[in-house]
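What follows is chain A paired twice: with chain B in the first complex and chain C in the second.
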Partner chain A sequence: MEFHKPRTWPEALAIKAEHPDATPIAGGTDVMVELNFDVHRPDVLIDLTEIAELREWFTVDGRYRVGSGVPYARIIDELGATLPGLAMASRTVGSPQIRNRGTVGGNLGAASPAGDAHPPLLAAGAEIEVASVRGTRLIPADEFYTGVKRNAMEPDELIAAFHISPADGPQQFAKIGTRNAMVIAVCSFGLALHPSTRTVGTGVGSAAPTPRRAADAEAFIAGELDWDSPLPLRDSVKRRFGELVAQSASPIDDVRGTAGYRQHALSVMARRTLGWAWDEYRRNR
Partner chain B sequence: MTSTAEPEVGRARLRKEDARLITGRTRWTDNMVLPGMLHMALLRSPMAHARITKIDTTAAREMPGVIAVVTGQDLAEEQGSLPCAWPITEDMKAPDAPAMAVEQVNFAGEAVAAVIARSKAEADDALESIDIDYDELPVVLDMAAAIADGADLVHENLGTNRCATWVYDSAEAGSGGAIDDAIAGAEVVVERTYRQQRLIPAFMEPRSMLVDPTGDQITMWSATQIPHILRWMTAAVTGVPESKIRVIAPDVGGGFGGKLQVTPEEIITFLMAKRLGKPVKYTESRSESLASAHHGRDQIQKLTLAADRDGTLRGLKVELLADMGAYLRLVSPGVPILGAFMFNAIYKMDAYKFVCTNVFTNKTPTDAYRGAGRPEATFGIERMMDELAAELSMDPMELRRKNWITHDEFPFTTVAGLTYDSGDYESATDKAMETFGYDALRAEQQERRDRNDAIQLGIGISTYTEMCGLAPSRVLGALRYAAGGWEHAAIRMLPTGKVELVTGTSPHGQGHETAWSQIVADQLGVPFEDVEVLHGDTQSSVRGMDSYGSRSLAVGGTAIVLAAQRVLAKARKVAAHMMECAEDDVDFTPGTFSVKGTDRGVALADVVVHAHVAHDLPDGVEATLDSDATFDPENFSFPHGTHLCAAEVDTETGRVRLRSYVCVDDVGKAVNPMIVEGQVHGGIAQGVAQALFEEAVHDESGTLTTGTLADYLVPSAADLPSFDTSRTETPATTNPLGVKGVGEAGTIASTPAVVNAIVDALRHRGVNDVEMPCTPMRVWSAIQAGGAR
Partner chain C sequence: MYDSGQEPVRDNENRLSRRRVLGSGALLGAATAVGTTVGVGSGHGDPAGPEVLGAGGVDITLRVNGRDRALRVEPRVTLLDALRERLDLTGTKKGCDQGACGACTVLVDGERVNACLTLAIMVRDKEITTIEGLARGDRLSPVQEAFLDRDAFQCGYCTPGQIVSATALIAEGHTRSAEEIREWMSGNICRCAAYPNIVAAIEDVAR
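On to the complex of A and B.
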């Protein structure tokens, strides 16, 4: 196995261009598990941990640019107030040790439908910045996930960062699993209210081949919410929203849960998170 | 002259062994490195049932660093058969149990070849070059199917998958009436079938062993609970004289019964070191541990409980299927039998019958796991008491009160033939109910039901007892167990004033060093700090029956008291001689001998020196005060307690949240209340885990699909409420310390408390059972099914 440890981003991109099959590694919380269990034997590993800029975040034109190597623990500590949905999801990732090492970049790279970061990124309308020696491009989160553990990146590209707006309204994240800590979600749901655009963002996890938005549910609820004189939401509206979220999913039966249970649980989580977020919006006006 | 020091027994002392255990700067087996040490890796079968048609090790032998590659065929002559010490019936079927599979593999994870190399990495790498062909056989997984006519067989030569059927019938034993009469005459009969899922002990330190054949003796360090039994059985299996084997259990990181075993790995490592003449070490990976170290539980329980309309119990019939897995390990067949005396629990009834059939399947062998037989029994009866209460529309605690043995009825001989020496179920229950706020929670439950709240509240009760202090040797003999149940202690009074206590118990996290020091300090009047506890090395601890079954304190602790009494008896003779008085005139207060009615005295420390130098000893007294003793209990001990759990069940997602957990345990006299509390906390966590999280799952090919700790869900602190633990102290009458044992109590009590709470929360929705582990999906599915009923 070839092992590269580039010191700079251009050097990393050059290596990736030369070895398109290379597996990048940052926190190693996914890649090392696969190596240890011999699921995967990459010919080339690119260790990105020496590249300082991947561990930085800053704002550009009012949006955050968060380096792909920023670990979950720092997202919780440093960005929790302004990215509440992502921070809530980050708190449910693994254990303290995993949160110290694991990164959103790793979640994006693996593109597992169960990745905890995906629903809040979808709900917030984040964009993924990918780069290669050919240049840099931004991919909207809802175009990033293309299949089970597949994403829209070209073989020579690496994930540089994600771009995400600070929350303009309440955000929620819910996840169901057998255990609280250290558990892979049976299914998960992220929700973001966007008062500035009078829209609602959603993200569904572990209930389809890819993380995905519930577009019908978003359209439905946008038409139901009165942002200027917000009244409590009728149960029937919340239920309909839940149903539409559930319908957006195409889950399978597997060891962690049946498709029927996943769809049902999604509808409950969607209904509840909408209620919580809307109540928060009403309180804070 | 008199000591006014606070007694040591009863003090919540910090554990003296913790600093080294917590920092890991200690003698874990895998920490040890010997000159010239080689490393072993094992190739394990991916097949659950197959004939080995070809093994080619040529390529592996040529890999870098490889010293030897062996297969079962290579070891066939010398590996013998792993021991099963508990042939529960005369006609029990026991398959040959080779440490390494020779012609056939019978469970996925069974060792089929070993590589010994200069480094662990080289050994691991070489495994991949071993070429094996398997011829697949039909896989036997389901117990009921396994004993049906025409079933595929795990062991063709046994002609059946039925290992043994063991029966206890109160009518035959004379401890009660006939069960059929009781059931026929009862006004209410409740029948249920429960599944005790397969569990994995999941101790923290993986199994690890290092065998050094240098010199005339072969030394084996092993992360085991049972160094003494391991030495005996290694001799029996390999034919090497026991006197040429030394076994050392250094610090051991947990066991939960999972290291109460003579493992294939130990025998293979032993044979390889002997063959190569070099030290060989083997440490398993976590996945190897989960797949191949013995599993626990795995029973189907069919229960029939008969009662009168007023709640008076008439009789209980228990019909079990118990999964042995592919082989019988050390005590596999006896584990369900340990439950035979416990299904009747704390209750009085006329008749009782227990029938257990042990079954072979193509799965990892099962054996002792924390509680071993008693958690299964307690779960069964405590779930049934709730079901009967529901059937009678009676408060489940009232039903229990009506039937339990009252405190003035002890000693009480139960319908299962055991005599409980002591107990006070009323006091423990009253205390627990008050702390728990039972009535207020019942009111809230009703209120949530009335408003059809999405979150329903359930109250779970478990009023358990268990049998500890394994075990009276005569009882073990009657149950056809191959060994005795005594324990040994030796006290060495060193001339410098320090005391060495050598115990036959083998701690692996329990805190024996601290608790035993407290006992010795009180008995002899020496400082706690001056006592050194030696254990786990068959060369220093020459006799012992090791640690399991909550036996160490009740049996091993008593041996310490007896040994200390012998030290003092001898010291009294020497002191009388030193003070020139009659022995009868000598008084002992801890630490000091004196002549009655005078101010003449001599310190124990001076008596120790006097006896050690032996310049002037009375006639007939041997040098040194060193003494030892063996204790064989007359009876088991019977801890008991009341555990109460309040669970919130989200009826929309099926998710269970434990809101509060109150327990009052009666473990007799607590030597160290802090250690007791720690044991109760850990025990509850493990029992809750059976109720909510853990299950060893095999797919249809017999492959373990929960082979990592990401899939086999042990509990974390984030999943548990704060436990409110307290105690009543009803001393055991069967040992001088009044102790009963606490290692398994929490695990035994908590599983039914949690499941009872979940079912109680959903009873009004037509739910009367949720299969364990009660995952959100299972709970939700039960609600769906209940609603449709």
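On to the complex of A and C.
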């Protein structure tokens, strides 16, 4: 295994162009498990941790551009108030040790359907900035995930950052697992209320080959909410929302849970997170 | 990098030079300027260029517990194996080798990380602290003392990781309640379930 340590972003892109099969390593919390257990023997490893711009975040036209290498611990500490949904999800990732190292960029690179960053990125309408020596492009989150552990990147591309709007309303994240720490989600759900556009964003995790939005549920609830004189939500509305979220999934039976359980759990999480978020919206008006 | 207030550059606008990697070996990087397109990152103009370490052994120096230690590793060797197998620092334990148990917890520049998920070559310029580095001569650290006082172990296998993790947790200030301590110690598993005593020991030091 050859080890490359670019010190600048252009260097990293040049190396990736020359070695499209190379494995980038950021926090290493996915890559190292594969190395240790010989799941994967990369010929070339590209260490991205020296590249300063991947570890920065700043605002561009009111949106946040967060470098792919910002670890979860910093997302929680530094961006918790602006990106509450992503911060809630980040708090559930692994353990303090994992959160000190693991990054959203790595979560996107791995593109596991169970990755916890995906539902909040989908719900907030984030875009992923990928780059190669050929140029840079922004991929909407809901076009980024293309299959089980597959994403829309070309072999010569690397993830530079994600772009996300600061929360314009309450956001929620819920995850089902066997304990509170260090669990891969049995299924998960992210929700974002967008009062500025009078829409609701969703993201369903670990219940389909890819993380995905629940488009029918989003359309349904957008028609039900009265943003100007918000009343408590009727149970029937919450229930219907939950059903539609569950229907958007296509889960499988596996060691972590059955398809039926996942669908049931999703409808419950969707119902509850919607209730919590809407109550918060009503309180804050 | 963008100026704030600007749209991200999406296509062929910037022409930045890049360095080409010519082969393996330490510190290669000929300054062949090739026109490329990148939207982000202006580079730092580091004259050294990217570093390439070959597939064979690499001579490295790790700064462990305040001492520089020279060793030869293959690039794929973890910090955990480097500490245990090469530097004879066997206090750091291997439980799972996949980040899930915390037995291998060490401090890298003061931050707790799983040594099993860290490549030795990626922490060459860092300050590494293991369980062996916490005591001052024969004087145990406060956390070590408290673990003894509270009998915070049975078999002791998880203990070095627990103590290193607890040392970081106290420095982080996550000790306002027993619940908070439990939450922030969740990366360290104890098969003997000494948890109540571990929490008590941490509370003693935090108080």
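FYI, the second predicted complex is superposed on the first by the 285 of 285 C-alpha atoms of A that agree within 3 Å, B and C clash if a C-alpha of one lies under 4 Å from a C-alpha of the other, contacts with A are read in each partner's own complex, and residues count from 1 in each chain.
Simple rule for what comes next: contacts are C-beta pairs under 8 Å (C-beta built on N, C-alpha and C of every residue); 3 or more make two chains touch, one makes a residue touch a chain.
Predicted model, so just to flag it, every value in this text is computed and none were measured.
Legend: residue contacts after superposition of the two complexes on their common chain; A:Ala81 is shown touching neither chain B nor chain C. In the superposed pair of complexes, A:Trp9 makes contact with chain C only, with no contact to chain B.
Of the two partner chains placed by the overlay, chain B and chain C both lie in contact with A:Met182.
In the superposition on chain A, A:Thr49 makes contact with chain C only, while chain B stays out of contact range. By the touch criterion defined above, A:Ile252 lies against neither chain B nor chain C after alignment on the C-alpha atoms of chain A. Looking at the shared chain after the overlay, A:Thr59 reaches chain C, while chain B stays out of its contact range.
In the superposition on chain A, A:Val148 makes contact with neither chain B nor chain C.
By the touch criterion stated above, A:Ala215 is placed in contact with neither chain B nor chain C. Greater residue coverage of chain A by touch, when chain B is weighed against chain C, goes to C.
On chain A, the patch touched by chain B and the patch touched by chain C overlap at residues 37, 95, 180-182. Residues of chain C touching chain A in their complex: 1-2, 4-12, 16-21, 24, 34, 36-41, 43-46, 48-55, 58, 74-76, 78, 97-100, 102, 105, 111-114, 116-119, 121-122, 165, 168-169, 183-184, 186-188.
Touching chain B in their complex are the following residues of chain A: 37, 95, 176-184, 186, 255, 257-258, 261, 264-265, 268-269.
Residue ranges on chain B touching chain A, taken from their complex, read 287, 652-655, 692-693, 697, 705, 708-711, 713, 715-719, 773, 775-777, 780-781. The touching residues of chain A, counted against chain C in their complex, run 1-15, 18, 25, 27-29, 32-33, 35-37, 45, 47, 49, 51-53, 58-61, 65, 94-98, 100-101, 129, 131, 133-138, 160-161, 163, 180-182.
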